[in-house]
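In what follows, subunit A forms one complex with subunit B and a second complex with subunit C.
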Partner chain A sequence: MEYAFLLDLGRCIGCQACVASCKVGNELGEGQQYIELIEKTNGEFPNLTGGWDNHRCFHCADAACVTVCPTGALFKEDGLTRLERDVCSGCSYCTEACPYDIPVMYEGKSSKCDGCAATVSAGGSPWCVGTCPSAALEYGPREVIQAEAHKRAEAMRDRYPNAHVYGETQAGGLGLLVVMPDDPELLDIPIDPKTPFMADAWQKVVQPAAVGITLGTAVLAGAAAVISRRNHEQEMVVIEAEGLVRDSEKSEEG
Partner chain B sequence: MARIKLDISRRSFLKGGLATGGLALMSPTASIDSAVGMLSADDPWYREGDIKTTYNVCDVCPWRCGVVVHTVNGIVRKIDGNPADPKSRGMLCARGQGGVSFMYDPDRLQSPMIRTGERGSGQFKEVTWEEALDYVAAALLQVKDKYGEEALAVFGHTSGDHWFADHFAQAWGTPNAAKPSSSLCLSPRDEAATLTYGSAVGGHEPVDWDSIQAFTLIGSHIGEDARNTLMQDFANAQARGAKVIVVDPRFSSVAAKADYWLPIKPGTDTALMLAWMNVLITESLYDAAYVEEWTEGLEELAAHVAEFTPDWAAGITDLPAAQIRETALVMAENMPAAAVIPGRHVTWYGNDSQRMRSTYLVNALLGTYGREGGMYFNKSVYLDHYPLPPYTVTGSSGGCSAEPGEESAELPLGPTGKARADGVRESFMRGPTAMQELIDPMISGDPYPIRALVAYGVNLLNSIPNPERTIEALKALDFVVAIDVLPQEHIAWADVVLPEATYLERYEDLWTVPHKTPYIAMREPAADPLYDTKPGWWISRELGMRVGLEDFYKWETIEEWIDKRLVSVGSSLDDMRAQGGVIVQKGKPYLEDFDGASPFHTASGKINLYSEELAEAGHDPMPVYEPTDEPPTGYFRLLYGRSPVHTFAKTQNTPVLNDIDPENEIWVNVDAAEQLGVKDGDYVMLENQDGARSGPVQVKATQRIRSDAVFMVHGFGHNSPGLTRANGKGASDTKLQTRYKLDPISGGAGMRVNFVRLDKEGV
Partner chain C sequence: MLQHDEGHELEVLRYRKRPRIVHAILASSFLLLLLSGLVILWPALSGIAAGGFTRWLHRVAAIGFMSVPFVYWIADREGAKELMVDSFKYDRDDWRWLKRIWSYLFGHAANMPKQGRLNAGQKLHHAAVMLLSASIVITGLAMWFFMPSLGATGQAWAAVIHDISMLALTLLLIGHLYFTFVYKAISGMTTGYVHEVDARLEHAKWVEELEEEAAVEADSESTPTPAI
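Right, the complex of A and B next:
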């Protein structure tokens, strides 16, 4: 069955209970966080609007991080994007590939929300959901969450005429459905998250190369070789030099 | 939506793991036996061994949510809300989640200590409890012999304060026991309430959130002030479509959720409320039937507010007159389900009782008291006290745990005939003992000497304004004992330090909460005390036994005390545990529950719009707007508030909470910052009107604040090397509060009367 989170930004008040519960429940290390609350403000005093960007994994169906992950540490399961940190090799491709800029490297391995896989398998709810005082977070079968999200968006339209559900179309459909009171870009959340060049390059070029498919051009072979070097900085430079970045961006815009 | 809670029985973990096909830890074919065999150090904590669950009451802030604590192999791992608890309802704020980390903070005080160096040097030797307690007892008895019982001051905060600021102090015989939650926080609110409608607001503000239709928050920052229940109630009410009016010079988290944000000029709130009353009365929008039946003094009030029109208030508050009138109309349309919420920490400008009274008068005109969706009447818990001989002196420490209705009509006298030394009846009218007013007597000996201090859980230098004066007092005293969990800054000034076990390591007296559904909550230890620490009740008892107060400590263990009290409700600790850690009783929230009798404990049984009592004491019988001093040129008014991740000056060093929010910032309006040539992210020093300086603090240049004030979160800027994470991080607002303005009614210390300038030098 597909599961999903609900994040209701009409309700979220930025209290960070989710952050703390996640850190304690998941035994995260110093400086490690799966959720970050970022205050956003628009307008000029005193004509202001504002809210909280909950910077946390959106659990994309077409998850760029999974696409580029060479080890299988990142994988899809039950509609969510799991991460087995033990398996992660530390290549950090996912940190570049994610259109939402979510995974970070922590102690040499990728670090991001895995939907509390272990806790849920033990019969619990994800730690953030269990504690959110505002009931801005819920978790359950995707259909139930989707219905609830629409109900909530509908109910808040008197106050927020642009309220809608975000995440039904983005990146193939998100496992974190957001009840969005207004334009997501006001919170710096992209309306149309771009599959960035890395994922694109990997999918079209490097992955085939890695599984041994014969490559026609020097450009592609070069990209594959670069990536295998696992030197992130250099990769970027080389891939950019080869023109992959611009091409992939163009193809998305078109 | 229903939430799944972690089912904490081990068997169901395994079952759950297998049922979902294994996931990460178990292959689908694994048997339970082999699954157990697979457990390793990398397993999540809840698979490392049997989970022991205990009931507790969170002590990270004074709100006291009921929690369940999960302990595995003797180590406390996770705290969650107790679903049966009327405050937490199964959820917790960030601070409550950080409780485990508070307990395992390696910086904790670990052993009793006696000072070896100068006071303030922080030099101590570790001693046994026996030695430390004997030493304290001898010192206290010496002060008593020389100066009388009243020469001992007892300051208490946090959930064990009862054992010191109430029980010990009253048994010993000093009227000089004080809690910061009174005069540094709630006194104006509760004295004004008692003068107006006959009872204090009460620790759990009786707002009938479930059916509220419109509400007004004045300088109250739900979401930054992370009291768990309030965040829940607010989110539900707002989502239901209740109209939200927020009055705040700052675009706070809750202002960003408001339907009406009134960015008021600081210090002018009373003018706004007078104008609201003007609109409600002159436009005949108030609840006439309610006002007729339940209030006294409408005629006087109508005459009083006649001139305070929205236009008049606009010039004072810096708010458009139309917005003032419009918000009054919103309240009137929704009355009586339209409460003006009594906030917390109301000691702002020294006229705070009058400001609070004006909020109650608006509520009275809207008919909110005792009405659905307004302000309900909270009811005290039915539970016997532990049987004790009469105390030597009646208590007057107040505090947010005080039961509503406890007053101090007659000043209690100590055994040598002395009343409180805080100047009550002279410099202020009434209310609980004012902590900040006991500092001068420690230095001057006037009206009589206070020579010793027991400080339990109070950060003396980060809560009482004018910390330099407090240090002078600490130098002057004959004897200081500090009982605490962490090496807070004032610890260095103590003669003896007694390390306390945290709330997760001890039993505690029952928690009794006056509420819509009054309830009793229990605390039991989740693990043994770490290091050589002891529970507060034990320390209080050991001291009592050593200073001749055996009659007040005729119980061996706290369990015995608790069980005795529970007999009166036909329960026991075991029974409470079996029932889920909470006993909920019935309340009488609404007017109709009183069958025509008055629920207002005033002389007339009515709400005093006009207060004879105030008039007789020489105060304005109805609130008057008094301007507060303006910031000098180049200075901003210093406002302060909360981070949702921290409590007072208590949690900045707590590893998990420190990790999330390690230092405070100074909020400065973007335009003002630009004029000063400082940028977002720059570090600056703050200097106040008296030359007091903070440490370096980061600038947050933001649209979210007026340009005449700056704002910072309280509690940072610690100056104690023992707090290895928090020491020197951010700036201390208390350090910049060299002045305060005494509220002549309640004795509250108004602290928003300080001004600072930003200084780029010396960073």
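Right, the complex of A and C next:
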């Protein structure tokens, strides 16, 4: 079953409780965090609008980080993007590929939200969801979360005419559905995040093709080598018996 | 007449010790790079890359690989220069040889046009290795040191060029091993000597040069230096 987070930016009060509980609950190291709240203000006084950019993993269905990860440390599970740090080789391809700029290198390995895999599998809810005092965060089956997101967006449309659900189509559908009161770019969240084309081509075409071509050539060369070596051995028998006479020299003599 | 070294009466010295050592550094570092790179490329092996061991190995091997031109220059300056120049210089016999490469490919050397110390195929091989190595070193260093400033697209491009260069080098390696096997040429890199019969067959112009040199030497030894 696919799971998802709900992030209601109409309700987020920027209290940082999610940041703190995530850090404590996941026993993150010094300077390491999975969620960062960045205050954004737009417009000119007195017509100001503002909000909190929740800088955290969006759990893309077509996750660029998973595409480029060579070791499988990053992978998809239950609709979320997991990270097994023990398996990370620290290549940092993911930090470059992510269109949301989420994974960072911490102590030589990738670091990002893994959807509280351990806590959830033990029957709990993700730390951020459990702590949020304004019900801006929810977690559950994706369908339920999606319906809830639409309900909430609809409900706030009187105050926020542009309110909508962000994340249904982006990057193949996000595992973090956002109730977005206004244009996401006001919070520096891209409307259409893209996996770099070359990254896709690299992992899905160039690498498998390279392995295939190499193995194919090796097999072909191996077979041809046996035949050609025999040809050369026969040629050497003639040369040792009759001496080396090239065709070109024969015609010169003739 | 060719002069023969003691213990190698039927053989010709093809590679001295120093170029052989340079070749061994190149070969071993290349194989380490290939294997440590393959674990990243092949998902089934990627578990070995976890924890960063192969990344460390890849970089150590890369230093060995990049040191090759410098080591060659220090150890055998004349040889390095000759290889550089020879690999990019093709005479009429070389072009004629390349036109008939299929015959050589299948083990028939007797009717190939006469070749110098390097045949035209070896020249192309060396030239391609030099150019592809430059490409792989540049993209490799870019990913090693300038990852953040490359950006997502730049990094992907560097990786793609790196991979394709390595693919080409690996195919060249297969060809290299193929000809070594077909023409039983391994002794050139182990003992440094090859059979004179083989040398005359495959590098006739080179053997002729050696004979001329030997004749000149013999000449200067027999005629006393005139007093001035």
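Keep this in mind: the second predicted complex is superposed on the first by the 199 of 254 C-alpha atoms of A that agree within 3 Å, B and C clash if a C-alpha of one lies under 4 Å from a C-alpha of the other, contacts with A are read in each partner's own complex, and residues count from 1 in each chain.
The rule we apply is simple: a contact is a pair of C-beta atoms (placed from the backbone, for glycine too) under 8 Å apart; a residue touches a chain by one contact, two chains touch by 3 or more.
Here the structure is a predicted model, which is why all the values come from computation and not from measurement.
In the superposed model, A:G90 lies in contact with subunit C only, and not with subunit B. Once chain A of one complex is fitted onto chain A of the other, the partner contacts of A:A118 are limited to subunit B, with no touch recorded for subunit C.
In the superposition on chain A, contact is made by A:G108 with subunit C only, not with subunit B. When the two complexes are overlaid on their common chain A, residue A:P70 makes contact with subunit C while staying clear of subunit B.
In the superposed pair of complexes, A:H150 makes contact with neither subunit B nor subunit C. Overlap of the subunit B and subunit C interfaces on subunit A: residues 86. Taken together, the subunit A residues at the contact with subunit C in this complex read 64, 68, 70-73, 86-93, 96-99, 108, 196-199, 201-202, 206-207, 210-211, 213-214, 217-218, 221, 224-225, 227-233, 235-236, 238-240, 244, 246-248. Residue ranges on subunit C touching subunit A, taken from their complex, read 40-43, 46-47, 49-52, 54-55, 105-111, 113-114, 147-148, 150-153, 155-157, 159-160, 163-164, 166-167, 170-171, 174-175, 177-178, 181-184, 197, 200-201.
Against subunit B, in their complex, subunit A makes its touches with residues 10-11, 13-17, 19-21, 23-27, 30-31, 33, 41, 43-46, 48-52, 77, 82, 84, 86, 117-125, 129-136, 138-140, 144, 148, 152, 155-156, 158-159.
Only residues 1, 3-7, 12-13, 15-17, 20, 22-25, 42, 44-47, 77-81, 90-98, 100-101, 222-223, 226, 228-229, 231-232, 234-236, 238-239, 241, 251, 253-254, 256-257, 259, 261, 263, 644-645, 655-657, 659-661, 669-670, 702-707 of subunit B touch subunit A when the two sit together in their complex.
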